[in-house]
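Taking it in order: structure first as structure tokens, then the write-up.
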Amino acid sequence: MNLLVLMIALPLLAAFLLSIIDRASSFAARVIGPLVLLATAAIGLSVWSQLGDAPQAVQWGGFQAPLGITLYADQFGLLFALAMTIGTLLLWPRSTGNQLRSSSLALLLAGTGSGLALSGDLFNIYVFYELMTVVSYGLIASRGTSGSFASTLRYLVISGFGAALALAGIALVYQATGTLNLAQLAQVAPEKLNNLQGFAAFVLMLVGFGVKAELFPVNMWVPEVYATASSRVSALLAGVVSKLALLIIMRLLILVFHQPEALTVLLVLGILGVATGELAAWRARDLNRMLAFSSIGQLGVMFIALSIPGNAGIFAALAVAVHHLFLKPAMFLLAARWGGSIRRLCGAAKTSPVAAGLFVLLSLSLIGVPPLPGFWAKLLVIMPLLTLDQPLYYFAVFIILAAASLEANYLFRVVMKLYDKQPTAVPHKAHATADLATAVFLGGGLIAAVFMLVPLADRLDSIAAQATDVSTYIQTVAPQSLEGDVQ
Amino acid sequence: MRRFTAALFLIGLGVMIAAIYQHMDFSNTALNAGQAINSVAAQETGAANFVTSVVLAYRGIDTLLELTILFTAAMIGGMVLGKRRVDAPRDPDAGFILRTGADLLFPLLLVVGLYIILHGHLTPGGGFQGGVILASAFFLPLLARPGSSINQDVISIVEGLAGATFILIGLLAMSEGYEFLSPLFDKGELGALISAGSLPVLYLAVGIKVGSELAGLLAHLAEAEAVD
Amino acid sequence: MSMEFLDGNTILYSAAFGLMLIGIGGIVISNHLMRIIFGIALLEAGANLLLLLSTYHEGASAPIIVDGIIPAMMADPVPQALVLTAIVIGVGILALALSLAIRVQRAYGTLDMREVRLRLEQEICDEAGIEMPSSSEKPAEVIKTPVNSVVQQESGS
Amino acid sequence: MTALDNLLLISAVTLVIAVLAGNSRVGGWLVTIMYALQGAALMMMSGLGYSTLTMVQSSFSIEVLSQQLLWRFDALSWFFALITIGAGLFCSWFASGEWGEKYRDNGGSLRLFHGALALNVFSMLVLLASGDLLTLFIGWELVSWASFLIMALAGGKAFGYAMRYISYAFAGAMALLGGLLLIYAEVGSFDFQSLKEAVPTMSSATLWLLVVLLTAGFGVKMAILPFHLWQAKAYAETPGPGAAFLGAISSRMGLFAFIVVIVQLIGISRLVEMKIPFTFLDAQDLLAWIAVFTIIIPTYIALRQHDARRLLAWHGVGQTGYMLLGIVIANDLGSAGGLMHVFNYATYQAMLFMVVIAVIHRTGTSNLNKLGGLFTRMPLSYLAMLVGIIGLAGLPPMNGFVSKWLIYRSLIVDGSPLLFLGAVIGTLGTILSVYKLIHNIFLGQLRVEHVAVREAPLSMVIPMMLLAAVVFVTGYFPGLVLDWTSAVQASIGIPVLAHHLGGIDMKGGLDMIWIVSVLLVGFGFGTLVFFLGGRSKRVHQLDNYAGGHFLTAETRYHYSDNFYPGLMHLIGPWYRNSFEWLERGLISAVDTLSTAMQGLYRNAHPSYLLLAVVVFALSWVIV
Amino acid sequence: MHFFELLVELLLMPILAFVIGLAMVLMMRRIGARIQRRVGPPVLQPIYDIIKLYSKETQISHGLMHEIGIIMAVGGYIAAETLLPVPGLDGLADKGGAVTLAYMLMIPALGMALGVGQCANPNGSIGISRALTAMLAYDIPFILVIFGVSYVYGTTNLAEMITIQQQQGVASWGIVQMPLLALTALLILPAIMGKHPFEIYVAPAEIATGPMVEMSGKFMGGLFVMQCFQLYTAGVIFTTLFLGGGLYWITFLPKIFLVVAIPMSVAYLFPRYRTEDVLRLMWKWPMLLGLIGLAVVMK
């Protein structure tokens, strides 16, 4: 028995019962969501503290590993599960119209996200992923504007398309191996999936799961959605949800697909993502879409990092992802009041100096100015890229560096506007206290990271090492299979 | 031009798929989770229908999630479509035959649906299939009488409770010291109606949940104001 | 073409891939949202079929024990369960897509993907207070009807 | 606690004090005293400047990502730190009196100003102390953003220029980062020593890539061609003494890093081995020619400026070329000249900026067409500017002459007539330009609105006068500075220049003590000759004769606009603003690409792209 | 004692320069007169001129800088003369050299420019603008010459140059070794001396729009003294660089007078050039010659 499943089950239960509770007491309905998430976060933290170097595997329903569905908790997965839970808690969506539904959706998102991060079964991942997608449709549409509906629909088209492809990819994998359990797949993959079919399955799944990870070219929904969704939802999607999709791709890459071509596909798509995202952001005239495009670029960097073979790539991608996890939500929170034309931002620093200062800090970290954490993350990506000594990798470095200078340019154009002394016609609204406090908390995390750089890097390194330890994975999930029939 | 390029892409894709197909290996049956399940499911779950074993036991969490997806979709559908305006124009009532037919079919569908649900662990069928029939039972009158409506409040309570039941059964297993969603109760005799432990109960929850979700969703869609 | 080529596997797989291709074709070629949604449905059907076929064996019986008799060769129950799940998921998403389409149609008066995109862009730009970037394919008849931006929502149940 | 720790600590404390007390009445003075303390801390390490000490380590060191980060001072760092702290001291002094009060009254935040200045000094010290390539980059970025901060303080127009600066600077930093990481990939370490050891075995292609990347990175900060566009305007718009500080030392950080990485670690001799295909040039020539064009083009752009601050700032760009030229020539004369020029230039450039700021303080404008005749009103400022322009033009007896002489001499020894010619063309342009500067501000007719102008306050005049004294004394006794540059030469592995207090020991050497003395005596005789004549009558400035017509107080006319019409008539068409066009072209290219990408995200049917990718990926595998 | 000898040399050199310069002024005016079929001034005319200017009653000063400017102009030349080795007197030749000298010669120009600027007469400023432009014109080829010569002799020390040329005879003279550079120098010599036909900024006809517009009395006198030094300096530099300098005054003096006389005689045949034309001319032919000459000597 393991309490870990409660991280998933409790939020779902609460979501189911929320409307019934609301009938009894609307106050209870309001507080129960955050309370449940607090509880799950506590569970997650307690598991984290006892985890150490030994990952844990839990079987849903107690069935044997290849037959039942596995829940695999290593630091890697648990980190993102916790990020999901705590992130949702921090970015608890506020809807003017229908708080009850938003709360249910938030609970569902937290539960699903945790499950996605911890799941050890391919089809289970697919189902979790679909659920998360549906929940995010709801979150986006909960703003209630016609634009949010239209962008949700367009998102749905791309997402549905991708999901079907991912399903086809799963079918190909099952056809080749006859199993869906990641541990068992990891065992048989070198033999059975190291061929064209395996590669096709990877590309299909990459495209499918890449939709949420803002992978080029299935990221066309990003600018529309982030511009129409409420800023907290954008923060959740860009900050946390995209990282979970990335986590799936990382898991697949580590455990199942070892083709060198797979890495090249990631590299090419990553480069395209960085180039298109950052270039498009350069010309964006409203903050939301600028952040959206920049987030595409950042995710592209993570894909480039993933294309580095071995532990270094996972470490780098993890570092960039964790950095982005802190940074993008804070930026979107600031954009809550500053959305709209950048030109309108003239002098906004006067009304909200803290927010403006925070924006500067976040921008500096985003473009990678030492000693802020963004710099170290970027360093981690570029250093191994150059040692690979291949033209395409060199080109990737060039793209990353060029993109950073573009980033500096457009972000500081915004900063300049913030500090511009010319008055604007419309007075600026100050940020909501909760938004600002959350953003400051996240920004504070970045600063704290500067001072804890060394332990932080060590910790991330050990997480990455644990994540890439395939044999431990197999042994933890199915200890007996190592002795028996390894085909 | 656009269609031409699209067609070109499609042809290219087709060729690729064919190429992959050429490389596909159809002879790997040795390491097959399905075969393993076939050989142990009868003992482990006590259900005669192995698909049900897989759906409710081995991959029970998938089923829970898919119920959640339906729940979420229905909720979002309701949110998106919103309440009908009182003065919005309505379709005219259906004719006598349809109305009477719907009334006649209602109990029939109800019974069939429940039967399919309750025999899910023995014969083909189960919570999903039965749930859909249940939903149609409740939805048919709506088509016949556009003015009437399903009580969404009741539906939301039913769906919430049904979903909660599923999870609570899972939690019950935990309180007994098993893993979440482990099969409970006595497995009974293979092939008997009351067998397979908690699986029929789960399937009932699934059926009710599917039925209420779908009915709610369809009702929302039907209620949506017609355009033009 | 020899007849061996046309064995059961080939036909079934062709059906699966063909459905997927038709679905993708619908998504790619069509501009109408309804057709695109149906394209997705077809694509999903194809993918489901593919999943179902993944461990298909000719002559295997359903994995159900009837009257205590265990068939010699039973079909793999896992893909069937998976497909069941996938179909239900597909239904949920389809319903959601349709309800969104209804709302978009109500708001923009069209389901043409190009126009929806333009109207969406227009709305984003209006909200942000920036000019819409000029587009070469701006349709002449984009009528600027006031969009009731915050649609009244169902106030609880 | 080592001496370096002390220095950095005091500098950090200065920053804190500046931020906390910057706005108070005594804040400026406190900060100034702190700079003096920093200077004292630096003097504790003065052994570095006289080769009696080779290195001072900082006890602070951390290990990140298995890289050991080190900070230390050597002779080169010490020399640059001396200039930095000196510039900080004088600029802060200058800002502490009336200037600061006026700045505050006009709505500026002195806290921010002093804070930014202190931050600049601190970050420069950190950069100068960098002990490996990674700390070098960290320091580099600190310096970049610190200067950005001080540039942007003025708001308004300055924002635009600061933006331009940071765009350039960050792109340069990224090139630098690329270069440094390339080194890491090749060498496997960020350590100075391992790079030095690995250079001989590196392939020529790698080295070319490295040199191009690093030079671009450092060059952006130095504003060498073709990255020169950002600097002048950005510096000119920096508030008051900030401009003096930036002008004096900020972009020298690029030179510092260039010396450390390219001269000291890679080595000029390795550059000479890198031939450019199909020409008879090598990498060293390329750099030297870049330096020469950096001398010529910005100098002649300066000649056309109407704003005193812009004019000075453009000369700053041009003077960088001399330093780079000297360093790249890298013989004992050239490198000494280049290094000494860093010091000399800092002294007179800071002073000239101070004079201009004092003029702005009194008259409210630095527009060269709206000033004139201030000599009678601000004689001390005039004197400072006179000393400054003689230094800037590189004429005896000021220190600018000595460093330029060294550079010329090295070019003669090196046998590079065209480089020499280029350097001289730059000097001549400078003379023309600085005469215009002093003429348009201080000579000619006094404008009506400036009749009541008084001499700048003491808080401004004293720093100016002190700097003027430095300019003169180091011109008289160049050995004072040459001692330091020799220590630097020794530490970066270049032949040490033989010198004495008065100048250079060599065949055809230089002895400034004699030259200056004889010049002074010559002036004395000139005075004698002058007073041999009868008593002259002092008439009013406007008592002038022009073509049979007396200019009167009503018809004031100061010949200032388009000061060199004949020259401009000839060379005017050569000003094509090619680099502006280049920059604009680059921007519009990015803009077009950006629009295209937005179009991609807005218009393109996503599935298309998806299919393209899928088909591409699969076909690639099959083929 | 060496130090005192040096002091005496330093004292002597400017005086000698002044006297010879006076003679050169006289010669120049005579040559000009002969070409124009005039008789020309008497022998002592330059001295009379100076005395006249210095003893004028109206000495109008426009301010301190006006006076300092003149002092700088004269003083700069006085100092510069000590860097020019002449027979028997090496002065400070080993402490400076050709480059130092070239830059030292800009001090008087700067002094004059400052002085004129202080006069606050816009016409004066225009004159200075022209004068500085002209300086830009001739200094570029001049510096080419200096470079070439220094490169060939391997030193910038003028005294050493003389020694080299004297020791190795006429064949080693600059004019033999580098005729093109010598020609270049000869072409720009009138400009360096500020004489016909490149003297539009100080030409009598342009007095109202020249630097001289506010100069009167001893100010003008100072400039006259400066002119003597100017001629002398130009002559000596050329002789030192290309004609082997001189071990003895007897061979040295003819050389320097010849150097001044030849271009004067030719130059008077040309009309005055406008400032732009000076630029154009100087940057075309002397530059071209100089560059070719450099290429030849450097191979």
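Note that the chains are named A, B, C, D and E in the order they appear, and that numbering of residues resets to 1 at the start of each chain.
Heads up, the rule we're going with is that contacts are C-beta pairs under 8 Å (C-beta built on N, C-alpha and C of every residue); 3 or more make two chains touch, one makes a residue touch a chain.
The structure displayed is predicted, hence computed values, not measured ones.
Chains D-E form the pair with the most C-beta pairs in contact.
When each chain is reduced to the average of its Cα atoms, B sits farthest from chain E.
Chain C and chain D, compared by their mean Cα positions, are separated by 64 Å.
In this assembly, the C-alpha centroid of chain B lies 107 Å from the C-alpha centroid of chain E. Distance between chain centres (mean CA atoms), chain A to chain E: 79 Å. As a whole-number value, the distance joining the C-alpha centres of chain B and chain D reads 74 Å.
Residues of chain D in contact with at least two other chains: 595, 598, 602, 607-608, 611-612, 614, 618, 622. Looking at chain B, residues 6, 9-10, 13, 16, 19-20, 29, 32-35, 37, 58-59, 62, 66, 69, 72-73, 76, 79-80, 156 sit in touch with two or more other chains. Contact residues on chain A toward chain C in their complex (touch as defined above): 19, 22, 97-98, 100, 123, 127, 130, 134, 137, 141, 144-147, 149-154, 156-157, 160-161, 163-165, 167-168, 170-172, 174-175, 178, 180, 224, 227-228, 285-286, 288-289, 339-341, 343-344. Interface residues of chain D facing chain A in the complex, by the touch rule stated above, are 62-65, 137-138, 141-142, 145, 152, 155-156, 159-160, 162-163, 166-167, 170-171, 174-175, 177-178, 181-182, 184-185, 590-591, 593-598, 600-602, 604, 606-607, 609-610, 612-614, 617-618, 620-622.
Touching chain E in their complex are the following residues of chain D: 373, 375-376, 379, 382, 386, 390, 393-396, 401, 405, 408-409, 411-412, 415, 417, 420-421, 424-425, 428-429, 431-432, 435, 438-439, 442-446, 502-503, 507-511, 514-515, 518-519, 521-527, 529-530, 532-539, 541-548, 551, 557-559, 563-567, 569-570.
Taken together, the chain E residues at the contact with chain D in this complex read 10, 14, 53-65, 67, 70-80, 82-83, 92, 94-97, 99-100, 103-104, 106-107, 110, 113-114, 117-123, 125-126, 128-130, 132-133, 135-136, 139-140, 143-144, 147-148, 150-151, 154-157, 160, 208-209, 213-214, 217-219, 221-222, 225, 274-276, 279-280, 294, 298. Chain C makes touch with chain A in their complex at residues 20, 23-24, 27, 33, 36-37, 40, 43-44, 46-48, 50-51, 53-55, 76, 78-79, 82, 85-86, 89, 92-93, 96-97, 100-101, 103-104, 107-108, 113, 116-117, 119-120, 123-125, 127-130, 147-157.
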